[in-house]
Each structure stands twice: as C-alpha cells, then as structure tokens.
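Shared between the two complexes below is chain A, which has chain B as its partner in the first and chain C in the second.
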Partner chain A sequence: MRGDPGPGLADRRPDATPRPGAARRPGAIRRLAGLGGLLAAEWRAYRLLVRVAFREAAQYRTSLALRSLTEAVATVLDLATIGILFAHLPALAGFSLAEVAFLYGTSALAFAVAEAFVGPVDRLGWHIRDGRFDVVLIRPVGVLVQTATMAFAPQRVARVAQPAVVVVVSAVALPVQWGLDRIALASGMIVCGALIAASAFVATAAVLFVAPDATVAVSASTQGSALAARYPMTVYGHHLALLLTIVLPIGFVSWLPALYILGRPDPLGLPTFLRFASPAVALLTAGAAAFAWRAGVRRYRGTGS
Partner chain B sequence: MRTGAHQAGYGRRDAAWPGRVAAAAPFPGGYVTAALLPEARSWWAVAAASARAQVAYRATVAASVLSNVTLTVLRGYLALAVWTARPGLAGYDSARAVTFVVLGQALTTTFAVFGGMIDVPWRVESGAIVVDLARPFGFLRWWLAREIGRAAVFGVSRAVPAGLVGAALFGVRPPGSAAAALGFAASLPLALLAGFGIRYLVALTAFWITDVRGALAVSSLALMFFSGAVLPLTIFPGTFGAVARALPFAAVVQVPMDIYLRPRGGAGIGIQLAFQAAWVAVLMAASHLATSRALRRLVVQGG
Partner chain C sequence: MTDTDENGLHPVAIEVDGASKTFVQRRRAHGRGLRRERLDVHAVRDVSFTVRAGEIVGYLGPNGAGKSTTIKMLIGILTPTAGRLRVAGLDPARQRLALARRIGVVFGQRSTLWWDLPLRDSFELHRHLYRVPDGQFRANLARFVEMLDLGPFLDTPVRQLSLGQRMRGDLTAAFLHDPAIVYLDEPTIGLDVVSKAAVRAFLAEKNREQATTIMLTTHDTADIEQLCQRVLVIDHGRLGFDGDLATLRDRLGAERTLIVDLADPRPPLTVTTPGARVVRVDGPRQWLTFPARASAAPLIAEIAARYPLADLSLREPPIEDVITRLYTRGTTPKPAAEAAAT
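Entry: the complex of A and B
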C-alpha cells in the first residue's frame, strides 16, 4: 500500500486546451463530450481521494481492522430484528423468512454500498457550520466529490459484509430456480439499488445547504428509507406502499425486482414491466439528485464563522 | 444565526451568575432557598441557551419533524402487521403495540436514543474544549444542563408533532391507570438521565481515542436496539431477552413504556422506577469519575 504516491490531482485533470477536432463538432455533441470528460475527471479525482483515505487508514492496521470488525458486527443487530420477529411469526405479511431475508439482504447491501462510498456527504452540515466549506468551492475538484471524501471512513466498507452473506444464504434458501434471468436481475438490482440509495443520500444531504444543523434529520431519513426497503411493501398498507414505490423510488431498490425473482404476483397490482425498470429509475433519481445538489450549492451562503 | 443565539444565551447567564444573584437580595425562604435559587437559575440559563441554539435553524426543525413522522408511520405499520398476525404478543394487543411505537418514537427523539448530540468529541478535536473547562459551572453539569434544554426543544418540536400524527393515524391508548400516568411522568426524568449518561460516557471516550466516529456509530446502534426503540424488548426471546432487559439502555424507552402500558406479567411500577434509578446512579457516578479522569489527562496542542 505504501508505494509511490502516484500522480497528483493536477496531473490527472483533462487538458484545458480542447483536442483538435473537438472544435469542429456540433454544439450538442461537443457539450455531451465535455460532460463525459468532466465526469471521467471527477471519477478519477474521487478514486484518488478514496485511495488516499484507505492508505491513511492503513498506517494503523490494527485500528482499521478493529474498527471494521465493530462496524460489521454492529450491522448484525439489523438482522437480529428480523430474527426476533420471525421467532414469533411464521410469515410477515405473507412473506416467509427466506423471502424477507432476501429483501433485507439486497436492500441492505445496496444501502451499505451507498453509505460506504457517498455516506460522508451527511457531514456537509458540520463543514458548513465550522466554516470549512468556502475552501471546497475554490478547489479544482467537484464539490460533491470533495464532500463525499472529506470524512471518508474506510471501515464503513465492512458494513457490506453482513448483507452480502445474507443475500447469498437467502438466495440458496429460496425455493426458486436460479436461471440466468434471475441471476442477472439480482445483480442488476443491487447495482441499481446502490445508485438509487446513493442518489437519495445526495439529494437529502442537499437539504444541509439550507439547514446545516439538520444532520440528524438527514441521517434519520436515510435510515427511514433503508428501513422501508427492508420489509415487504404490503406491511405499510396500500396507500403508503404505493407512495413508497411510485413517488419515492424505494420500491425499485429491491421490492419490485425481488417480486420477479420470488415469482410472486404484485400485491399492489402494478404493471409487470416496472419490475425491470430499476435501471431507468436509477438514472432518473441520479439526475434528480444532481439537480438538488446543484441547487443547494448555488444557494450556499457562508456562516461567517 | 447560531452565534447570535449563543451570545444571547451567554448574556442571560452572566446576569444569573450565582455569586451576584446571591448577593443581590436576601430571600424570604431562608438559607436553603438562597443557596438553591441561584443554582436553579444557572441551570435554567444554560438549558435555555442550549434550547435557543436548537431552534435557531427553522429549516432544521422542519426536516426533523418530517423524518420523525416518517419513522413513526413506518414503525407503526410494521407493528400493526406483526400484532395482527400474532395478537397478544408480549402481553400487548395491537392498540397497545402501536401506542408503544408512537410514544416510543417520541421518547427516542426526546432522549436522543439515535446517539450523539453531545458535542464533546468535536470540541476535543478542535481544541474548543478548553473554553468548556474554563466555565465556572462544572463540566458534567454544563453538558447535562445543555442536554435538558435540547431534550425540551426536541420534545416540543419533534416528539409532539410526530406523536400527534401517529395518534391520528393509529390511535394512542391513554395510560392504564392514574398510578401508571404518575409513574410514567416520574420515569421521564430518569430516562433523560440514563440516556444522557450513556451518551456522555461515549462522548468522553474522545479524550482517550482520536477517532470517536466508530464508537459513536456502534453506540447509537446498540442504544437504538437495546433501548426498545426498534422492537419492544419484551419480545426478545430467552436469555438474550433477559439480558437485554437488564441493561441500562432499557431504562430509556422500554421501562417508561412498560410503566405506561402495564402489560400483563410486567413488573410493578415501583420496581421499574427503582431499576431506572439504580442505573441512573451507576451512570452518573461513572460519568463523574470519567469526567475527572478525562480532564486530568487532557493536553491541548497549540492555541
């Protein structure tokens, strides 16, 4: 891990001078290409900053190992909640233990991945309150990338372990034929679910630009969405289930694709194609989150401290 | 805005300085009143300053109300689903179960069961803790007084609106009897002290370890799970359940709710209050000890 530090940020940014030929392209395509280049540069900066955080943490290996272990063990409490419920019930809203475990595992895995990689954005409120945010705006890296990495906690990645195990164990326990369709959908739903969860994190964190003290409320609402995604939607009654599925896209994290995998009819009577709509929904929510974040950055005013 | 609120608070606190007030006028109630009144005024001033800082950001309050309502509604429906499938589980009917959830969520937010809310770690990190040490009010007392102010604001601004929505949606049962109502009222200050003691001890670890975020994350999960905020501890099975019900976390949500609901087979109100009081005594003694240890080992770098 401790090899050469690698090229710095400045070396990795795309050239300021446009490549020959770029100037001759029509406007829309050029703008799209510019956006693509920008995204690639941001992604490189993000990877670099995350690697720095890991290398920093690796200086104290025992400490990192211990912290990762405690994070991983702490997530077991979520699983214990489901275990305790099923100690008293044969089924929850008609869903068996293996089915609820699959719903929990896939959604918890998506949320854990999002939490590990963009979770620190909810520290934005602290940065604003302590007057550390002005500096972020003048650095040549995107605000989102910086906020997501400023308080990056490598041990958070350990939270992925337990839901991943639950997904595998429950997938084996489910009484379904694991064909190519189900495997593809299951892996796709985790990727799209992580993207939807990350978008939810970013969009709610954008509230902190207006209300920098609301860190607790922001983390409570992300916890709320993780909680909502964990159980069969029918638990929440017809209207709330529709709200959670259609208006807030929480149902697309695991509920709708999982219905296909479990081979169940939709208790809410939604059209079947929605079970495969998670990628489109993920793109839409990512767009909405980007919009909310940009609106937040534009509204930002220093606290003067 | 926040700075303004703080300054206003400090101004008020100066006026209520113990020495100055005691010297101002002889009180008719004699020496005891003369000694207690300034003390009470200082507590009031610190708590009020903390409360004002909490209401400074209106948008924050709005966001918190929204998230509290969301959690109340989600947990309420989950409890309904469980108790419809298994009526009478843990001695609750479904009306009692949703009451547990709605009021339990109100206690959760009032007593900050979600963890944190004591700024010691960040102040140790930034060195601002020095200012706290210089206050002529006592370190532990300062943070406890601030906690009282915070709990009052969270209770009124978050717990009450979320509780009203929960009550409108699911219905909340009144306490089982007059004794239950009185016992519940008496258990609330004890729950506040227990919740504060646990979080204060966690916050103090900042004096020994450099990065408290791990400790904070783990403690908040443990506090949520073992206080009864996620599920009533009475449905935890076997020895695991017995251990969970004996831990100090239970004093924050589970015990007040047991006193309020009086489920069949539950312990008497007196025993429940004694359980809380015993843990509060232990936690406060530990907090006192840890405070003096922590302050003795503090070294602040730079200036």
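Entry: the complex of A and C
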C-alpha cells in the first residue's frame, strides 16, 4: 500500500467523476463513495506510473542492477555501525544487541518502505525550478501521485531487503514469547511506521512549494529523522528523546510499540497506552501531511513559482 | 459538429470575465539590510473575452505580455487573483482534474511525453491516464500516425527524437482523448518548414473535422495567417485587440509592400498614387509601401505605364510589424470588451 491516502486527494474534488445514481444518495455517503472512487483511481494511476518507472529503468539494465546492488550494500554499512558500537559496549542505553537490532530493523524497514513509495517527492523543488511541474498540473491525475513517481528510482526498493532481514533475525534472537499480540503489534508498527514516515516525507517536501531551492535541506531532514529513529530514544538524553517522541512523532515509528514487544518499562515514563497509539498518530500525521501538501499546491497555483 | 443556438452562434467554449493575475515579488532592498521590498507584478489585468466552440484564436503579444499566464489560468495551473473563468462550463481553478480530461495542452518548449519511453508507450500511458476507450484510442492513433507521419519513429524513445518529431508526438498526445478545447503555447517554435506545415495542417484538420476549439500563442506570422480566424492581442497584461487579422491591419494603418524589379538601376521612382512611396532602393530593385486597405492595381498600373518593368511581387504587412505598431502606438484601437461584443 502506498502510505498515506490523504494527500492523494490534493485538489481533487469529490464531484470530479460523477457516477450514475450518485445524486440520489445522501450527501455524506455520496462524498465518501466519491472519495473511495477517487482513491481507487489515484492508486491505479500510481501503480501505472511506477510500472512505467520500472520500464524506463529497464532500458538501462546493467545500470539498474549495479545501482540496486550499491543501494543494498550501502545499507549493510549502516548495520556495521551498530556492530562496531557493540564491539566496544556490552549494551547501548541499557539495550542489548538483539533489542537494538530489533529497534533498528523495524524503524529502518518503515522508513525504507516509505522511501520506496514516496521518496521521490523531495525532487519537487527541481521540477518546480525547471518548469516540469506545470506539466504535472496539466494531467488528470493528482499532484502527489505524479510527484511521487516522476523521479521514481526502482533501485531504492532494494533498500527494503536489509532491514527486513534484520527484523526477522532479531525477532528470533529476542528473549520474548512471540504470541499473537506481539506479532500483530510488530506488523502493525511497521505499517503505521511506514505511514508516519511517508507523511513526514510529504509534509517536509511541501516546504519546497515555498522554497524550491531547499531540496538539500529537505532531504537532510528526512534522512535525519530516518537516522534518529534507529536507536533507542534514550541515547539522545531525556529532553531530546521527549521532543523526538512527542513533537516529531518518530518515537511512534518503532520506539514506543517496540517497548511493549521487548516487555520494558518506558524510560521516559510516558503512559502505557501510547505504545498502542501508532495507528492514531499515523492517521494524524497523514492528515497533517495532506493539509501541508494541499496548502503547498494552493500556494504554487497562487504564485506560479 | 457543434450545434448552434437560436442566434446561429456556437456554444461558448471559453469565457474570461475580468480576469487578473498579480504576482508578488520580493527582492532585497538596497542599503536596508535584510529588509525586502514588495513588488506587485500585474501579469494579467482585467482581461475579458469569449471564445465559441470551433474557433481558432491566435493569442498574440510580446514576451512577458501575459500570454502564458492567461493560458495557465485557463488550464487551472494558476488561480486568478480576480475575475471569473469558465472553460467547457467548468471553473479551471476549482475543477482542474475534471477539466483536464476535456482539454489538450501543448507547450512548445516543454514535452508532456515520457523521456525514456518509446513514443508508442507514451501514448499508451496517456490512454490510461485520460481513460480513453480502447476503440477510440486505436482509431485516433492510427489516424494521427497517418496525418503526422509518425510511423518511422513510433518505437523510438522520446529522448532520441528531433524537435519536429517530438512536437508531432506532443501534438498527438494532446489530441488523443478528443479534447473539446486545445491550447498551444508556441507550437511551431524552432521547427523546420516541413514540421511547421505538418503541425498547421493537423490543427486545421482537427478544427474542421471535430470543431475542436483551438487557442494558440505564437510569434510565427504564417501560423496566424494560415490558422487564425481571430486574434487577441495582449500587452502589459491588458487585452489590446480582439478581432480578425484584416481588421487589425486596417485599424493600425499597416502598409503593404510592392517590390519592383526594373530593367535597369534608377533613382527612386516618383509615383502619384495616394499614400505610396519608395522606401528602399537596391540596384534595379525598389521597395514601395502603400496603405494595406488600398488596392495594389492603380499603383502597379502607374509603374507599368511609366517604367520598364522586369518583375514585381507584393507583400502583406508582416504581423510582427502590425503588432509592433500596436504596442508603440500605446493606444488601444478599440476597447476589448466592445470588440468582443461585436
């Protein structure tokens, strides 16, 4: 699934595709049905454009293979960092190697999935600069779907492999009982985490509507959050950890639900129910991202630059 | 063909009513530290016109006059600062996606095709995005391939096409979904003569066949002369003229040029035909101008009677001259709203 349904609606109106019989239905239901229809249409367009990106990349087969390999190898270097840490320390902020690996794996997987789906949105600034964004606004497809696929890099998908392996290996190594609750929570946290990360990508990229030159800053901030989410929040100290968890909701990507899976008390002393709040947080961030994106599109159409 | 109403008029395709677009520019003020100056740029000011279904309208004006801004507002890329626009009965700013299926757009300087895909695949993708029924798509594509001679490069990636080939591809994409209205922003810029002719013939044919409403901006005289029944002229954001080309020439007192080749070099000819005068002499060849609305016959007769004539040719006033006159005069020949009503 593509992460966030909300922003796909950017400037779509429910009346864009009138359906027969729709007029007889009450307003709210009609709106919902219209919304569902639009989401389905956008999702179809998304898949189509991603297939095209793969086809375009297939023209340079060797290049694609090499790049995919590079991406995969680069992620292995991330892993080496953790290996080096534990070669010198018995535990990181009180967490064992398996626990840190689990935290790392789940958050890295969530970010990698989000990156695979909406990563190219950070190229928006380039598209605006060289005028290609006007072409986006000509087509009968939502702005987000097109922006997320315009510079789609199939090799990025290879980044999913390493964290997926780490999650499985660390899950087996963890000294916990894998009951239904833990399995459900673990898969739920990856889906919600991906949604939160995708929303963060989209919301940050919306800044590019205001400052198209800020591409590097936007990439840095999204890569930074991806990096920050990989370690136990407590390594950042109490205040920064609170900030990262509550204000920027990256603590919800894996940290809080993982505490439940690891059977640990919260070092920050946050209420226990927050460990299960990821879906709600995901919906909230998706809503905020949709709002930011729509505001960005509106601004672009107001200023034309 | 489009139906007409009780007055014999075609339905309204494009309606622009008092549209304005103001951009706010901020630039650093000199000697005031980080303070920035706010500068309002009025790209389009209070423009009104109506285009009926089946018309081909040339939208003219110098660079930066507000042509592209108007087109972008009509597509829904830009929202107007003030005024009202209706295209195919829809509000482009609020119903951009619904409108997108009913219009076609060609930007001469920017392709809407997929760079790394063969032309054929770009069309296929276009079919899906615009949800063109299969039969309609195949019939249209077959016809366009024939009309624009796309066959030889249908399987070539767009990045390897020449400018003329690419433009023919873009033109095909813009018309594949049978849009009611098509905007073209400088469709012939940089093209060779053959490609230009192909583009013009295609536009004329689509207009005749399906009454497609066409609005194009161009700097090419021949585009206007061969295609446009009507021209709109915009300058500094304001609509300066709305009418046919002959009226525009006439109203601006444009001049036609008679080029005379004499048997041998002579000093400038003296002619008595009213308004005619020699403007240039080069050996046996002389250039005479006379008012565009006057007939060339008396002048030719006079010269033929008095001088040994080897050859002669007649030139219509170049549209560039006509437009230059319009701008330099600084006065509007006739208020746009009034002209639109006639």
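Assorted remarks:
What we mean here is this: the second predicted complex is superposed on the first by the 278 of 305 C-alpha atoms of A that agree within 3 Å, B and C clash if a C-alpha of one lies under 4 Å from a C-alpha of the other, contacts with A are read in each partner's own complex, and residues count from 1 in each chain.
FYI, a contact is a pair of C-beta atoms (placed from the backbone, for glycine too) under 8 Å apart; a residue touches a chain by one contact, two chains touch by 3 or more.
Computed from a prediction, not measured in an experiment: that's the story for all the values here.
Once the two complexes are laid over each other on the shared chain, residue contacts for A:L48 go to chain C alone; chain B is not touched. In the superposed model, B is the one of chain B and chain C that contacts more residues of chain A.
Legend: residue contacts after superposition of the two complexes on their common chain; A:A220 is shown touching chain B, with no touch to chain C. Look at A:R301: by the touch rule set out above, it reaches chain C but stays clear of chain B. When the shared chain is aligned, chain C comes close enough to touch A:R132, but chain B does not.
Of the two partner chains placed around the shared chain by superposition, chain C is the only one that A:V141 touches, whereas chain B remains out of contact.
With both structures placed on the common chain, the touch criterion links A:A80 to chain B but leaves chain C unconnected. Contact with chain B, but none with chain C, is seen for A:Q155 once the two complexes are overlaid on the shared chain. Residues 303-305 of chain A touch chain B in one complex and chain C in the other.
Chain contact summary for the complex, chain A toward chain C: residues 11-13, 15-17, 45, 48-49, 52, 55-56, 59, 131-132, 134-135, 137-142, 298, 301-305. Contact residues on chain C toward chain A in their complex (touch as defined above): 23-24, 69, 72, 75-79, 93-98, 100-101, 105, 107, 110-112, 114-117, 121, 125, 128-130, 157. On chain B, the positions that touch chain A within their shared complex are 2-3, 56-57, 59-60, 62-64, 66-68, 70-71, 73-75, 77-78, 81-82, 85-86, 89, 114, 116-117, 122, 126, 211, 213-214, 217-218, 221-222, 225, 230-231, 235-237. The residues of chain A lying in touch with chain B in their complex are 67, 70-71, 74, 77, 80-81, 84-85, 87-89, 91-93, 126, 129-130, 151, 153, 155, 207, 210-214, 216-221, 223-224, 227-228, 231, 235-237, 240, 303-305.
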